[in-house]
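Look for chain A in each of the two complexes below; its partner is chain B in the first and chain C in the second.
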Partner chain A sequence: MDGEITRSWRDPELFVKALPSVLLQTTCFLAPLLMTFILTFQRTRDFQLRWTWDLATWTEIFSKPHYWTILGHTLFMAIACVIVCIVLALPIAYGLATRFKAYENEIKTLITFAFITDATLKTFGWVLFLDKKGGANFLLSYIGFPPETVAFLFTDWATLLGMVYNLLPFAIFTIYLSIDNIDRSLILAAYDAGASKFRAHWEVTLPLCKPGIWAGSVLIFLLGVGVFLEPKVLGGGKSPMSAELIRQTFETRVNWPLGAALTLVLMIVAVFIVLLFTRVAGMKRAAT
Partner chain B sequence: MTEAPILDISNVHKSYGASPVLKGVSLEVRRGEFIALVGPSGCGKTTLLKQIAGFEDVTSGTIRIEGQDMAGVPAALRPTSMVFQKLALFPHMTVAGNIGFPLKLRKVPPAEIAPRVDDMIRLMELKPEYLTRFPKALSGGEQQRVALARSMISSPKLLLLDEPLSALDVKLKKVLQAELKRLHRSVGVTFVHVTHDLEEAMMLADRICVMRAGRILQLGEPADIYYRPTDPFVAGFIGETNLLPVTVKSVTAKQTVYQSDEIADAKGNVPAAMVAQDLAAGPALMMVRPELIRRVADGEKMDCSLSATVTEVFTKGGTVQYRARTDKGRELAVEIQGTSALPMQLGEKVRLGWQKKDIWLLRPGEA
Partner chain C sequence: MNHRVEARLADVLLYGSMAAALIFFYVPIFTLIAFSFQEGRYLTLPFEGFSLKWYGELFRSAPALNALWNSTIIALVATLAATTIGTMAAIVAVRYRFIGKRAFQGLSGAPLAFPQLLLGIVLLLWFSVLGRWFGFNTGIVTAIIGHVVYIAPFAMVIVAVQVYNFDPVLEDAARDCGAGTWDVYRYVTIPILWPGIFSAAIFSFLLSWGNFYLTYSLAGSTRTIPTFIFSGIAIGSSPLYPAIAAVVFVPGILLVILANRMRQRG
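Here is the complex of A and B:
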């Protein structure tokens, strides 16, 4: 056994076999990342990149709390979005996997449509609907509500609504798959052992769909950290999130080193949170 | 002394939409009995078991456990416990968690659960170190024992077994069959065991209920099922058998007179004990098990005999199996205790015979 392992590492063919994958990873993932990192030590002057190799950009980032406020706001919005999505997706996915099994294909097709319809279009659709003179207020006033009941457009609530709306299918799909994988006889066994419906959910269904909840959470968190459309369109650009800040830094301010540094900070913090999350989730699973 | 049955199923029907699955099943199970429900797949045996457990409702008819009507009583509140075909051990709980789960749901304090789990572990002959492991770390046989332990810990009145041994290999199956029998004897709980394997049912059960197409064909002790089937399907369900067509002339309380185009029988009658209850004059079948047929020497007297040609020889170790074709072209299976010299040769023309006490006359049936 031992000999086999060492031999496989010394296998000269191994490098040849691994070469395509290594090349692809290097050119498409590691090299851009490295270039981004190098970029943070340069400066731009007169819309031109200057190779200066100093820490000016990093000094700016760590001295201005503004950037960190935006980062904190971004993380807060992403986490709120994860929680809302999971809470909404659980009953929907459960219903799909159990009650509406007969319409499974139709419902899946509809959700897929929601996926592939352009997010920009849908987000602007919400603006029309939530506007002071929009569809929502029109309908509500029609049934007797005072005018302009719906007045949360261009606030964080509207941003959150847009994020949840666009990212919910990811949670539904991951949770649906894990519920669908649960052997029906496990639920029957719980009933047989004396469990009420609620108890069977709590003791069997919920623990067994945890992998789907974890996967959906990570996916939505990472996508949620990167949203720029919703805060701009639905949030009215009043409290920008990190992705919008980075876009502005690159495009409007043409400060590439700062944009690169902000990108790296966001990436590192997001990855750190995901790792922390999976560690905690993993520990919980080992404990039960 | 007629004790009330622990389980009383009366005229139960079940249909899914327009297709009937159970067409009027009635069955009484005595306390402490080991009863097996046997039949080919789709015969309704599993549906019946699920109805007893409370996972399926009955379209009409009643199921009573200890005299109490179970209609509307959910599975959780029934004094039954099921061992599932796929075992259904909870993958996210340890062995101890799985076995103790029914007690946890009954709000037994954890301090009391642990010793009872230990008792079950000992009863099932599982190693104590397994308690902290997860089910998937155990072998198939060990998982089986854990599933049994989980079902037994809440002291159910009825243990329902849904083909729990069907996924195991032959050797392990034999071990666990013996285990089930021992368990049944030691705990005295009533077992209802569903299986498609009649041989398994014969080994384990006190009484066997053979089902087919939503009806009970025959209910009886293993010997009844094997030697005195009331239906050709039951006769053919286990092992090999020979069913020879005869014509019944008359049935009286003392004897049945029959006629055959082939079987040489000086008297042509059968004592009343050797015929199925519902036999009437007309076409019938004479059943003789292959192991009860033997070669008749020249000049030897035998109750029943016919001449045939040996067409196949299978040496099975302890016994030798023969196929023979009678003069009328009927296939006959014969099993003879093996000896170093074969008693019959391939292609040989022989006289085969059997004694009157070994025959059984039954109705031809639909199939």
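Here is the complex of A and C:
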């Protein structure tokens, strides 16, 4: 609905309502980010922060491949998670938007609840399910499988499962919204033109829900590079990801500048990858 | 390909994936509920027996109840603040046209796409440095601030949908009838936006109530349910946790249903 009203910043209608959000996010989001950047040039000695202004932290980061291996592993897991989530979310979101209209609200409620409840508890629930003597093996042995068939707890696979579990709803909801907004008549027109169901889906629906797929991918990727619970609880902390490395530099090594620098490196690399993909996708669109 | 075969295949794919998704989403939830009724000390199958013993233990466990209390207090305050800020931001972001609108939308929504653990760490650094300068420690207040930073954008997005579908002519009509700015808000804007505001509040509450990452970094020594359970898992699982989970799930599902009802009416 086009109901935009032009306002100037001097107008209290705009100013009063915009101020709390602007204040909150500048003092508690932008300023802390800036402080994080400033801290990377300092040092800690005897568990105390020293204002030294040098590049010691950055030279350490760029000289140790260890940090970059972990970063690579993290990015790999996040990308794997994005791909799995999008592939799984497409039929679910499509079904939700077109086929299950009668139960749409019930299904949405169920997914929302699963999404919004305590992630620590759900992750712990997966441990109980996947454990050697847990739910999965109990059920499988009940129908005749040998004991301990499910044995991937405390591996990267379990971490990936946890990540997909916690992030899949983002893909479902963004893709659902974009399919829901598609003009039905376009698909009917494709049928009229003689397209089969799959062809119509492939050539009409899928391209039209690209914005949803894209938004979901970006969100999942950015949130996926920062996961901590899943590798720690489900992955058993065996192959650490960036978030855990960062936590450790704060907790056990009490090295604030290093932790701050690793945080920034992770976010900058992640945002850079998103921009790169945007650029590539944009160029492809320009070429066709 | 034959059209009928194709339609059948599409049905199988869509029904199958929906069923699989719902089962997938509820596997850990039902596992926890099932384990909450077990009698033995160890969280393994087969169960030694069924009992409500651990629910009883839960209500006698001071640390668990304390964590539940802290979670609730933090969530209530954070909900109130995040919903208010988010609602105002949503009106600004959707309704008005002004210089720097894109910047405003970006700034107000940015924490949505920022990993929570990193947000927690960035804020921890901030509060630690400020704390050293001004002499305070991280605790329940810093945890609440962290929650508001993260949750206000969610509230903004939820309310924004409602603002988007709301005809501003109604406000003009009220103004033409002689209502003042405040009256327009009180009798027109807020009642019309209420379903969105209400569901934003419910989601804010649940996001804050079950928040692990920000509390973990910012709450100092204060424990909430998620951090209480996390610190416990590190030592070894206790039969109390499934019971806590089952207790936490009940208000959760009720609130989600309530929010959905409200939004449908709106």
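Convention: the second predicted complex is superposed on the first by the 254 of 288 C-alpha atoms of A that agree within 3 Å, B and C clash if a C-alpha of one lies under 4 Å from a C-alpha of the other, contacts with A are read in each partner's own complex, and residues count from 1 in each chain.
By definition in this document, contacts are C-beta pairs under 8 Å (C-beta built on N, C-alpha and C of every residue); 3 or more make two chains touch, one makes a residue touch a chain.
Given the structure is predicted, the values throughout are model-derived calculations rather than measurements.
> Determine, under the contact definition given at the top, whether A:Leu186 touches first (chain B), second (chain C), both, or neither.
A:Leu186: touches chain B, not chain C.
> Of the two partners chain B and chain C, indicate the one touching more residues belonging to chain A.
Counted on chain A, the partner with more touching residues turns out to be C.
> Check the residue A:Val127 against both partner chains and state whether it touches chain B (first), chain C (second), both, or neither.
Touch partner of A:Val127: chain C, not chain B.
> After the superposition on A, what does A:Thr149 contact: first (chain B), second (chain C), both or neither?
After superposition on chain A, A:Thr149 lies in contact with neither partner.
> Touching A:Thr278, do we find chain B (first), chain C (second), both, or neither?
The answer is neither, since A:Thr278 touches no partner chain.
> Return first, second, both or neither, reflecting whether A:Ser196 touches chain B, chain C, both chains, or no partner chain.
Touch partners of A:Ser196: chain B and chain C.
> Figure out whether A:Phe100 sits in contact with chain B (first) or chain C (second), or with both, or with neither.
In the superposed model, A:Phe100 contacts chain C only, not chain B.
> Once the shared chain is lined up, is A:Phe138 touching chain B (first), chain C (second), both, or neither of them?
Only chain C; A:Phe138 stays clear of chain B.
> Just to be sure I follow: which residues of chain A are touched by chain B in one complex and then by chain C in the other one?
Residues 196, which sit in both footprints.
> Looking at the complex, which residues from chain B come into contact with chain A?
The contact residues of chain B facing chain A are 53-55, 74-77, 80-82, 84-86, 88-93, 101-102, 105-106, 150-151, 154.
> Would you mind writing out the residues of chain A in touch with chain B in their complex?
183, 185-186, 188-196, 199, 203-204, 207-208, 285, 288
> Under the touch definition given earlier, write down the residues of chain C that touch chain A in their complex.
1, 3, 6-7, 10, 13-15, 17-18, 21-22, 24-29, 31-32, 34-35, 43-46, 84-86, 88-89, 91-92, 95-100, 104, 107-108, 110-119, 121-126, 128-129, 132, 145-146, 148-149, 152, 156, 164-169, 181, 203, 206-207, 209-210, 212-213, 225-227, 229-230, 233, 237, 241-242, 244-245, 248-249, 252-253, 256-257, 260, 264
> Please name which positions on chain A make contact with chain C in the complex.
1, 3-9, 13-14, 16-18, 20-22, 24-26, 28-33, 35-36, 39, 49, 88, 91-92, 94-96, 99-100, 105, 107-114, 116-129, 131, 133-135, 137-138, 165, 168, 172, 196-198, 218-219, 222-223, 225-229, 233, 243, 246-247, 250, 256, 259-260, 263, 266-267
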